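Common to both upcoming complexes is subunit A, partnered first by subunit B, then by subunit C.
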Partner chain A sequence: MEKRRKRILLSLSIPAFLLIFIFMIIPLGNALRVSLFKWNGFSQNMKFIGLENYLSLFTDDVFWRSTLNTFVYGFGSTLLQNIFGLSAALFVNKQFRGRNFVRLILYMPIMISGVIMGAIQYYIFNFDNGVLNNMLNLFGIENIYWMKTGVSSVLIITLINSWQTMGFCMLIYLAGLQNIPKMYEEAALLDGASKRQIFFKVDVPLLIPAITTAVITNLIGGLKLYDIIVTLTNGGPNRKSLSLSYYISLLYFNDEKAGYSSAVGIALFVIIFLVAVPINRYLRSKEVEY
Partner chain B sequence: MAMKKWMKTTAALCLTASSVLLTACGGNNATQNNAAGADGSAETTENTADGSTDYSGKSIEIATYLTGDTLAAYKEVIAGFESETGVNITLDEYGDDYESMMKTRMASNDLPDIFETHGWSLIRYKEYLTDLSGEPWAGDLSDAALGVIRDTDGKIYTLMTTGSCLGTAVNMDVCEAAGVDPWAIETWDDFNEACDKIKEAGYTPIANYFTSAGALANADGSWLSYEGETYDVNEEMLNGTWDWEEFRTILDYLQTWFDNGYLYEDCGTISQTDAIERCARNECAFVVGIGSSYQTAVVAQNPDVTMAMIPICASEEGGARFVGIGEGASFGIWKDTEEMDVCKAFLNYIAENADGINAAAGEISTLPSETTKSYGMEMLEEMESHCPDVFYDNLWDRKYMPAGMWSIFEVAAGMFYEDQSDESKQEIIDYLKENYVDLYEAAQEE
Partner chain C sequence: MKNYEYEKMTMREFHAPNKKVRIGVYVVAVLLVLLYLLPIYVMLNQSFRYVTDLTPRLYLPEKWTLDNYIQAFTSSDLLEGFKNSLVYAAEVCVVEVVLGGLAAYGLARAGGRAATTLRTFNICIMMIPSLSLLVGTYSLMVNFHMVNKIWALALQTAAIGMSGTMFFYTSFIVSIPKDLDEAAAIDGAGILRTFFQIILPQLKPVTVTRLIMIAIGAWNNYAMPSYLLTNTSKSTVVLVVRKAFYVAAGAVQNVPLACAMCAVSLLPVILLYILLQRYIIEGQLDSVSK
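Here is the complex of A and B:
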């Protein structure tokens, strides 16, 4: 019986495995192959150079800067999204008039594509005639060049990405909060626990599955951030706000360095794998049955 | 338990693998479009009553990067050809993704039957294109066009209906308000004097943006390429022996733009769209090394603005002021197309009906069939009436640099915006030289 069940489950998963094989495993293998060549991405001539592309990573300042930015986008966004997402979920989990409207408003930014969000924010943070600077001008404050340095650009991108995807995080936590049986909170109240104690000692441990989902999803989303950067800063100034995803794309299509681009792609694969797997394992170990 | 662990590891692997998709998907994928003539329908080739050939049942695929009015004009030409000949045309509108898509299709050696060569018919696309030098319209092309698209064997691979004309864009209203006569500007010293006056009058003299290679690459010929200029190093640049230290002259000059406050403070992060908007608001005077489509876009935003084009300055008194001519609207045929006759007939049709496309593009017609003078042509004629001694040449990077250098200049422009110190200049020169040598060697191996 058990064998038959396993066979059915396996056959049901075949379409998914096929898709993964065609759209992930084959491209991964192809990227590994291309990374060993010097190739402009379109010529019929490819020159085998072994591991030279991988060695170039160590002396490429833009790669290391983009790696650092990628971590900021990944971890920074995850931290902000989870703090604000959980706060918003706690807020909209209460009973009040217009609750559904507030939920909708908080969730709306994620329905806008990243490319459009970046373009909108560009006109908000623009130095000349930007909405934000125009508002500051009303208070007698002179224009601020928000995107002048790489650091400020990276922080602004992180902030916008966090704000945009906070609604998704809120939804995960809301579902998590609504799944917590009321009896645990009531029992804690009877035992004389404060609201703060109930939150940290009852709600948070029972929210660990939701936290795992939210953290891993946000982390991978942040580490792969691409679209907002393209339209907001285009990776500038001087390629200082690039994420590794955008750097890969620029190297391949703009700089005509397809082999090196593939090597950066493999590096990003390894980075995300090394980051996501231990965090996932740690959070899973903290989950409790109830 | 082991099964669960295995599933988790697989899921994690799949999630991380998706990060590599960006890179790998560009490798060897075919596109979603049907190849020409693949529908298997019955095909006929007869002459119709009006003299055109009937290609009913045949189909071709065309790829375009055109957008807006120019695309609309191109679609009209396509519709006209379809109704006259019965050909079924599939038009792939790639827009901003055009170059990426074409690179992907070149990698898989599966190109559209007809595609635009946008300045790269010789350097990038030649090995995929059909020699068109025997076509009826080839003899009608102007010398300026032939100088740009003809290779050393005398072959041409693209029908170039317009030339992209590159000089210095001028907002005449701003210049007038500042008391500057742009037609009197001959050398870079004159240009800086004009900029000083414009700045004093409260305007931003130069709207160049260092997110583009324009300032570094397009104006270089002024120092490097022509007789009577600071350097005359054509041969060295073409045979890969050029001493890149001479590029410091250009960086030293560009530094004066920063030191004298000629540029916008955010010139390191703005785009051409911003420069167009600011010029349309009469806030700035010049953009150096830009095509005439810039002025067209400014006037489209604000028809009350008077724009003009002046040549790129000479480095020294008596030197050559020059205007770059590059491929504008240009159409080539894939050498392996199954419908060569139809494709050639389509190019003949474009050559006879290119007016609408040329007018919308605002560039300079290279065919004698033009009946409506484009805005670009009007500007060029005005410039020639004021500056009769202008020297025309192909765009500097396309003529003297190996393929792929444009994006290298783009990076260098960003580096220069951030730091104009001597150390930074040396870094930029080293960066340019390293990539030039690399790309030059790769081009020799092709």
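Here is the complex of A and C:
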């Protein structure tokens, strides 16, 4: 009886795993297989070339550039989002009128698709009649070509991504701050601790679980960045602001290198895995009980 | 002594700012709100302009016009886009919540080696970046004639999000006492009936927030829809707006019209956000803090 019940319970997960199998495991297998071939993506003509696609990763400048950019998008955004998110959380945690409104506005950009946000931001950072340059003109500064180089484009994309999704971090930290029992701060105050000491010695260690979730979520989100780049720089100038996700789709649909694109896809998969797992483990080991 | 200091500065004063600080707080609040509303301002400002109006984008339009909005509403693309997005988001929601919830229930209650293994497997699946499977997914969809079918894209999107939903539900179901299931079993209820009549009502609040998050994700999804819904009559809102911003070679870009379409497309999202802010904000928190 008990065994039968257990079997039925397990079988409830079959439809869900079937869907995952069809749309994730089969494509993964497919990608692994295709990555061993030279293939343009649509013809019948597939040529087996072994590991050559993976070997050519090493000599492909655009791949390394995109990998570096992906790390900047991942780690840069995570850093900025956490600094700004924590500051914003400390700020809206203060007592002042209208703080709920501020919270509402700071979180709002997350509701907007990255593609659309990129399209609007384009008119802020544009060289010709961009809003930022309009503002600088007020102070007598000439127009600046913000997205002239790959480096500046990458930095601007990182900045906009951090700006857009900062509200998420803010919420996590806000919940974390409100979960800290007031008596800890009171006890520290009683012992003569300063405000700064209370923040670093009491609040921060107790915020580690919140930091863990914020860092992991932002990191994975940043490493997968795609949408904003499409409309803001389209990977330019000269494919210098691509993320790996975007490079994969360009290789497939523009360059018609399906095999090579699959190899880059597998590389991205490995990179995310290698980065997220140890960081998760490290941060979990730092959590404090209270 | 220490006690005196404590009396002088109670916790309320510790958190309450003095007058000078309070003014500072409002200044920061206003600046933050302005920083976060700037793109919305830029978009609205553009949308009321004539195409020929090239005055700085920072300032209000030279001459105001509603033509762009009239054109945006009369073009069938946007309306069609809304319909498609709605269908797509609804399909993703239903598939993900029903199948994900059932599977999570089965895995949470079955216990034993098999269930634990499946749960670990599920967490690994969560890490796979969907674009690394682009080639595999796209060729699968082409082979099975699933391109330009909204239901097929919905299944694919649901499959990508399924592991997250299962993970989310499992953590909540674990906290529902098993006694409830046992009592239902003694009364002769089958497993499915127990799930739908006993467990699901308990999960109502988390289901609402999960549904909102899935719907937002689907509504804003760009990468896969842009490859799988190439037919204009199947475009989602985001695809329609993205296309309005896109400049085809040799064509003249109509930025004001694109901004008007963008504004119309964002209106329902922002209204819903304001109406459902409680669920959205709490939902985001629940999904990560569990």
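By definition in this document, the second predicted complex is superposed on the first by the 267 of 290 C-alpha atoms of A that agree within 3 Å, B and C clash if a C-alpha of one lies under 4 Å from a C-alpha of the other, contacts with A are read in each partner's own complex, and residues count from 1 in each chain.
Convention: a contact is a pair of C-beta atoms (placed from the backbone, for glycine too) under 8 Å apart; a residue touches a chain by one contact, two chains touch by 3 or more.
Model, not experiment: these values are computed from the prediction.
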Subject >> Combined model on subunit A: subunit C and subunit B, fit or clash >> reply: clash
**OP:** Figure out whether A:23 sits in contact with subunit B (first) or subunit C (second), or with both, or with neither.
**Re:** both
**OP:** Examine A:34 and indicate which partner it touches, taking first as subunit B and second as subunit C; both and neither are also allowed.
**Re:** both
Subject >> Partner chain in contact with A:106 - subunit B first, subunit C second, else both or neither >> reply: second
**OP:** Determine, under the contact definition given at the top, whether A:54 touches first (subunit B), second (subunit C), both, or neither.
**Re:** neither
Original post:
In the superposed model, does subunit B or subunit C contact more residues of subunit A?
Top reply: C
Original post:
A:5 contacts which: subunit B (first), subunit C (second), both, neither?
Top reply: second
**OP:** Give one of first, second, both or neither to describe whether A:94 is in contact with subunit B, with subunit C, with both, or with none.
**Re:** second
Original post:
After lining up the shared chain so the two structures overlap, which partner does A:147 touch, if you call subunit B first and subunit C second: first, second, both or neither?
Top reply: first
**OP:** Quick one: classify A:255 as touching subunit B (first), subunit C (second), both or neither.
**Re:** first
Original post:
Regarding the shared-chain residue A:233, is it in contact with subunit B (first), subunit C (second), both, or neither?
Top reply: first
Original post:
Which parts of subunit A are touched by subunit B and by subunit C alike?
Top reply: 20, 23-24, 27-28, 30-31, 34, 41-42, 220, 223-224, 226, 245, 248-249, 252-253, 258, 261-262, 265-266, 268-269, 272-273, 276-277
Subject >> Partner subunit B, residues of subunit A touching it in the complex >> reply: 20, 23-25, 27-28, 30-31, 34, 38, 40-45, 47, 126-128, 145, 147-148, 153, 220, 223-224, 226, 233-234, 236-240, 245, 248-249, 252-256, 258, 261-262, 264-266, 268-269, 272-273, 276-277, 280, 284
Subject >> Residue numbers on subunit B that touch subunit A, as the complex places them >> reply: 8-9, 12-28, 99-100, 102-104, 106-107, 109, 124, 127, 211, 264-266, 268-271, 274, 278, 403-404, 407-408, 410-411, 414-415, 417-418, 442, 445-446
Subject >> For the subunit C and subunit A complex, residues of the former touching the latter >> reply: 2, 5-6, 9, 11, 14-17, 22, 25-26, 28-29, 32-33, 35-39, 42-43, 46, 54, 56-59, 95, 99-100, 102-107, 109-112, 114-115, 118, 125, 127-140, 142, 155-156, 158-160, 162-163, 166, 185, 191, 195, 216, 219-223, 227, 238, 241-242, 245, 255, 258-259, 262, 265-266, 269-270, 273-274, 277, 280-281, 284-285, 288-289
**OP:** Please give the residue numbers of subunit A that touch subunit C in the complex, ascending.
**Re:** 5-6, 8-17, 19-20, 22-24, 26-31, 34, 41-42, 88, 91, 94-96, 98-99, 101-109, 111-117, 119-124, 129-131, 134-135, 137, 163, 168, 171-172, 175, 182, 185-186, 189-192, 195, 209-210, 213-214, 217, 220, 223-224, 226-227, 230-231, 245, 248-249, 252-253, 258, 261-262, 265-266, 268-269, 272-273, 276-277
